[in-house]
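Common to both upcoming complexes is subunit A, partnered first by subunit B, then by subunit C.
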Partner chain A sequence: MKLKDVIISEANGEFVAVSVGGSFNGMLKLNSTAAFIAEAMQEETTVEAIADKVCESYEVERDIAVKSIEAVVEEFRKVGLIAE
Partner chain B sequence: MNDAVTIKQVLDKEGFIIHKIKGGSMLPLLEEKQDMVRLEAVKEKDKLKKYDVPLFFDKKTGTLVLHRIIKVKKDHYITYGDNRKNYEIVPFDSVLAIAVGFYKKDKYIPCDDPEYLKYVKERCSSIRKRKLYLRKREIPAELRVLIKLFAQAVKNDGVSMHVEKDIGEDFDWQTLYKEANRHCIGAMLFPYVKKAGCPEPLLTLWSQNADRALRKEILFDAERKCILDEFEKEQIKYILLKGILIKDFYPKKGIREFSDNDFLLEEKDLEKAKKIMLKRGYENKDSEDFVDCPFYKPPVFNFELHKALFRSTLPISKYFKDTWEKAIKDENRQYGYHMTDEDFYIYVMTHFYKHYAVNGGAGLRYFADFYYLNKGLVKTEKFNNKYVNKTFEKIGISEFIKKTTQMTEQLFSGDENLFSDEMFAYILESGMYGTNTHAVANKMKRDGKAKYWITRLFPSKEYMAKNYPSVKKLPILLPFLWVIRLVSAVCSKERRDKFTEERSISKNVENKAQK
Partner chain C sequence: MSKYIKTYLFAEIAVRAEYNHNYLEKQCKDYETDQNPQLTIEVTADDIIKERSFSEDGESFSDGYIESLAFYRKFCEAIASCDVILFHCAAVAVDGKAYLFTAPSGTGKTTHIGLWQKIHGDKMTIVNGDKPLLKISKEKITVYGTPWDGKERQSTNTSADVAGICIINRGLENKIQRLKPNEAIGTLMSQTFRPTKAENLKKILENVVTLSAKVPMWRLECNISEEAAWLSYNAMSKEDK
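Then we have the complex of A and B:
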């Protein structure tokens, strides 16, 4: 899975995800964890691969990381940002 | 007349009378139903002085009036209400009494009180001062709040402009919202209208608009990078113009609203650039005219490719013919160039002038551009102000720059005298992209009425080619097409109404010129 034509941008101390050309005409405001996950999803990847990166960068237990990643991925999927 | 008789009787008996104020013609000095005036009988009715406030019988209206003497003539006075534009001619024998003092919230203020005399001097001492004061008072609360919140947003120094007293029960938030959008400052104002108490659901709509502005900027930044990468591949030289660079002087992303991005290209590369844009899915109108050649693509994209900074028909264009000779190569791009800071500033301010004086007007956002450019560019040590000022003089816009500087200082220091400034009123009316009324009036002032109407009724071949492309190949058709155009205009209610509007503008321009 990967994000489909999505720009992740830092703006005024926040992270935002904007879709280019998809059906989602809005903008998602992301916390730093969600932004990290979104960046990892700019290339073809899996939940497990993202979890590896999250655990490398943050002091967090793997199962908690996986749950967070799955929640964020689901939010992206709801607004049609994911190319499966 | 009964009131006059009664008051006269009291004055004859007591020598004075204290009376409640009716009407608002003497605001802000005297408030109806709240304040009172002490009137004394006048022995020598022809001996009153300028700025005295007599009570007189107005034969025209059949009422008693309490207004201020502005001029003393041989056999009459000229009076105005402090809050009125129209004057009265008051024969000496119409005067019944003279005000000697006022009761404001039960405090007595005699007419020789220093604070009262200061009020008279500031508000009433000349027709011009009175008009300026009245014009200031006419600005609706919604515009006052717009201006104050704008100043607060741009300065962002934590100093409040105190809009609470302007936001009464009747305050129209929708009008504030519309005006903010008309001046392209809605996104900038959002945090401040929230604090000022903007109600729902308008607040949510405003928030969504602010988010849309940020999204638009992010999308444009990404798309512009892709387009410039293609230009680099095709060896097309380019200079980024206006908002693409100005926005980086703003303190936050997404608060400088805009409609498009502009590139300056060399004429030889225009067709190549056009092919790139079309390949990227853009639609293009006016493909023959590369002075302002727009390319559109959903959801938001609008890029303009320019072969010149200004149309060659504008006199100011001759000062910008050497842009490429003076341009400096970008460090990180092979075909990207930029103007010097000074030339960039000159160009931006001339562009502002063009919108203000030549097109239909310019809006408040230009003041934010001016403020941030001055802060981040002009006031830096290396900036060559001498060269810039000399160039403004050559172009003929020094007075405009001076006036803009003065208005910017007033705007951001909260000086409310700005509200009565004619140029500022024009800018408030204009909005960001000007109005048709202003555009027509500017053209008439520039070209003269006769030339304006001739070109309107008998436009050039290039203008006619937009709706009648056949005239390009067969110019002989031009006179026939003029006739067709005139006949179809007569048959169209919309165009007849437009003609009536332009005639009215023409009359206004003539009247103003005669004054």
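Then we have the complex of A and C:
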């Protein structure tokens, strides 16, 4: 899975994401974890591969990382940002 | 070969327009220029067919009107790299400073600037009632009139530096509050023309971020009264940094 043409940008100390074309016309606000996950999903990847990256960069238990990645992926999926 | 070839100046960008219907020719008369064009926008028959498919009940509009929309869309896509954005709002100027009111269609932008006109009279200019252009820089944000100006055809070929942006909501009482940049940014983005090319959208997103940080943002709940106009004017004109 990967994100469909999504642009992520820093905005006044937070992160925001918008979609190019597509059906989602809004703007997502991302915290730094979600932004990290979104960046990882700019290329074809898996939850497991993202979890590897998260665990390298943050001190976090792997199963907690996997759960939060799944939650973020689900949010992206809901608004149609994911190319499966 | 297009029937009309004219050069216009919109937000200080000289554009050569090539098109076929007199609707656009009449609409843009005030904006003709002798300057050398920086870019050329040609509206083709295919562009008109495509534009018609974007618009709800598109079948009922004339080719000339649809051609005008298609031209503005192509122009706004092309100028993303020039740090100019189309921001859907009603823009007015008082004492040389511009104030922008934004809201979904039908909320009461036009009504609110009508109330401003009542309290300010000749001191106020309507820069544009619907689709003005904003030039974005780190130093200042400037709004420019355009002839794409809404049902009421309210616009002036002028410009002014923007001193505040107000998001309007209908309310029973009149209340105004200052917003933090990121409380406003979602609304700003939803009211900004979205180009279809990724590189242009990236540029526009950066410019909307700059806009949110640079200009004071407000949320107004208001009814239809002169008191509502005084409330928004007093708040916005006192705090323009």
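Keep in mind that, in the parts below, the second predicted complex is superposed on the first by the 84 of 84 C-alpha atoms of A that agree within 3 Å, B and C clash if a C-alpha of one lies under 4 Å from a C-alpha of the other, contacts with A are read in each partner's own complex, and residues count from 1 in each chain.
Convention: a residue touches a chain if its C-beta (ideal position, glycine included) is under 8 Å from a C-beta of that chain, and two chains touch if they have at least 3 such contacts.
All figures in this text were calculated on a predicted structure; none of them were measured in a lab.
Visitor: Would you check which partner chain A:Met27 touches, where first means subunit B only, second means subunit C only, and both and neither mean what they say?
Guide: In the superposition, A:Met27 contacts both subunit B and subunit C.
Visitor: Please work out whether A:Ala71 is in contact with subunit B alone, subunit C alone, both, or neither, and reply first, second, both or neither.
Guide: Neither partner.
Visitor: Of the two partners subunit B and subunit C, which one touches more residues belonging to subunit A?
Guide: The larger set of subunit A residues in touch belongs to C.
Visitor: Just to be sure I read the superposition right, which of the two partners does A:Asn12 touch: subunit B = first, subunit C = second, or both, or neither?
Guide: It touches subunit B and subunit C both.
Visitor: For A:Ala83, using the defined touch cut-off, is the partner it touches subunit B, subunit C, both, or neither? Pick first, second, both or neither.
Guide: In the superposed model, A:Ala83 contacts neither subunit B nor subunit C.
Visitor: Under the contact definition given at the top, report the residues of subunit A touching subunit B in one complex and subunit C in the other.
Guide: In the superposed arrangement, which is not itself an observed complex, subunit A uses residues 7, 9, 11-12, 16, 18, 20-21, 25-27 for both subunit B and subunit C.
Visitor: Can you tell me which positions in subunit A touch subunit B when the two form their complex?
Guide: Within the complex, subunit A touches subunit B at residues 7, 9, 11-12, 16, 18, 20-21, 25-27.
Visitor: In their shared complex, at which residues does subunit A touch subunit C?
Guide: 5, 7, 9-14, 16, 18, 20-21, 25-27, 29
Visitor: Touching subunit A in the complex: which residues of subunit B?
Guide: The touching residues are 211-212, 214-215, 218-219, 221-223, 252-254, 299.
Visitor: Residues of subunit C touching subunit A in their complex?
Guide: 180-182, 185-186, 189-190, 194, 196-198, 201-202, 205-206, 209, 212-213
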